[in-house]
Amino acid sequence: MPIMSIEDFSFTYASAPARSLSNINLPIQKNCITSLIGPSGCGKSTLLRSLNRMHDLYPNNEYEGKLMLLNQENNEMENILDIKRENEFIELRQRVGMIFQKPTPFPMSIFDNVAYGLRISGIKNKTELKDRVEDALKGSALFGEVSDRMNKSAMGLSGGQQQRLCIARAVALKPELLLFDEPTSALDPISTAAIEELIVELKKDISIAIVTHNMQQASRISDYTAFMYLGDLVEYGETEQIFLNPREKKTEDYITGRFG
Amino acid sequence: MRLLLNKIVLLLSTVSALIGLAFLAWILFTLVGKGLSSLHFSLFLNDLIDGGLRNLIVGQFIMAGIASLIGIPLGMMAGIYLQEYGSGRYVRLIRDLSDIMMNAPSIVIGAFVYAIVVVPMHGTSGIAGSIALSIMMIPIVINTTDNMLSLVPRELREAGIALGASKYRVILDIIIKAAKVGIMTGLLLSFARIIGETAPLLFTSETSNYFSVDLTEAYPSLTVSIYALANDPTSSSRDLAWAASFILTMMVLMINLLGRYITRKKG
Amino acid sequence: MLKTYSNQLDEINEKIVVIANNILEANNVILNGLVECDKDLLDSAKESLKNMSPKTTEIDNSIIKMLALYSPEARDLRLVVSLFKITNELLRASSNTRSFIAGLSNYCTELDTVTVKDFAVPMQKSTVDCLITVVAMLKTTCSDETQELFNKLLIGESKTDDLYELLQESVFKQAPNIEDFGKFTKILSALRKSEKIADRSLDVGTLLLFARVGGEMGVRE
């Protein structure tokens, strides 16, 4: 069963003349990495940001269709577009985390950064916080590098470290689904490789959706790939099939670099 | 040909800058010259009634302080509203109004406060003076807060929301902290601005020769007294006025320098 | 390097080593069979090389998948492409070995001991040495060792060639008349396979040299 099922989903930005996404049907499989690829403006980031209702930060956007998220307790799918109450939004975003393109460390200590989400969710016990922060940092392959300066400002870390910090911050909440929006496009190749390895590690416990404009990244790490173009989902399948034997000509044109 | 034009423009700009600087230097030179000679320690120990400036300096700070207590919270909250919560037409309207207020003639603000505070109270007071100063301060604080918050990258807000934080928590915990240095500098500079104002205090708190903590009466201030002393025919008064001007200038200069120092150190 | 990439590369290399070893083993059996002419032994060797084609096709498909998913560059690209061509060479070597066994089974009793002892056995021994060197080249990742082993391979293949020439002369001398000539051609044809297997070994070695050391593909030093 997929962790998320996108059903006939369409999206229009506030006062935009046309839809940015049209009738998308796409599963996000559990404990797998699903990548969204496509040329600039195809809607992949728009789709990703819908999955944790990030668009609701800005008013007057329009949704159509359904975004079904698996409720792990009763094994039923629930439409996250029905969420209206503040506390439900908070719960959603703790189950579905997001990592952005630009690393965004908060102006506080490394410890406080990782503990931020935990404190929001009500955890106050110092020991519990410490344990969970440590686990999260270990899980993001960062603990070794920062264990001796947990109380120093996070702004002193390098780009790659900052991004891993953001991942630790999200992972600390033990989310079910992690959304990555071009997480390595602002990083150097070595940091990129480290983060890719980290993401592959993470999929053991967390389902992952990643938007990337780097096709080789998608082919290297993802299990499933979705190719989007001008707001439509052109093709979806196992990564091996998409990169070896794509069914649609547009997909093949994009992958072979014939356009976009 | 273009080379010549370049040189001419460079020459003209340099000359203009030098002229401006020359005037500034002249002012400072005059102030230091005239003021320093009248400066002595007793000025800080005696009140005006005894030929000192103590009550005026203290009074100026107290009124500016009260104005800050009113102006800073109001201005910051308005600035936060504009940047974080407002949308569309209203935001533009409020921003424009704030800008207009920032450039309103200070004497007009003084007259306004005269009408709404002094008249009902049947007399001038330190309260009226503080209110006038706060009205001057608010638009500056709004402007500073608004601008500094706008410099915080959008992704930082989104990252906070993505962790499940509600909007106000993101603003308090993250955004303001991120803009902390800029806002603090702005507040300091707005304080420096109002501490040097004369016109708003002219009809509202006037001034007093005595040391006072009673804000319901006319209240001592350095700026209004400089005006009064300068108009007094006795030369000792005029010397005192120079000394007072010098001290006022130094006060404002110090606060400005402090602001710059903070920006450089923590920015 | 993503763990999965190097894991999969290792798996493919392992499978190729297994095939090379199979060919090596079969040729060892032939070496013994030349002397003893044990038909059962020869048959079992031929059996062990059955179904080589599906095995190499499977490896080829894995390699294609790797190219699609990992876009390897430089050393990685050279290695993957070399392995892709090596499966072909091994397939041919396996085919040559089977033909060798088939031909030998029919005619090994006809060969005289001198021919066998002085020429055929040393020739096949040289071929077996070439195969041993190839397996070693497949297993090493050090470029210096690769170069050393390649030099050894060059010498070995040349020796096999020389020995075959001598063998050919010796056999022709023995052909008493034209009728037997046809039979001896068939015998030589079988024995020639040994020389061909050595050639294939050299081709594999050349490809591995390209993969590990560099240069251009297919240029024999």
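As written, the chain order gives the labels A, B and C, with residue 1 at the start of each chain.
We adopt the following convention: contacts are C-beta pairs under 8 Å (C-beta built on N, C-alpha and C of every residue); 3 or more make two chains touch, one makes a residue touch a chain.
Every value quoted in this text rests on a predicted model; they were computed, and no experiment measured them.
Viewed as a contact network, the protein chains form an open path, each link joining two chains that touch. Two chain pairs, A-B and A-C, are weighed by contacting C-beta pairs, with A-B ahead.
Averaging C-alpha coordinates per chain places the centre of chain B 91 Å away from that of chain C.
Taking the mean of the C-alpha atoms as each chain's centre, chain A and chain B sit 47 Å apart. A straight line joining the Cα centres of chain A and chain C is 51 Å long.
Residues 193, 196-197, 200, 216, 219-221, 239-240, 243-244 of chain A touch chain C in their complex. Interface of chain B with chain A (complex): residues 87, 153, 155-166, 169, 173-174, 177-178, 180.
Within the complex formed with chain B, the chain A residues making contact are 52, 54, 57, 59, 86, 89-91, 93-94, 97-98, 100-102, 104, 106-108, 116-117, 120-121, 166, 169-170, 173. By the touch criterion given at the top, residues 1-5, 64-65, 68-71 of chain C touch chain A in their complex.
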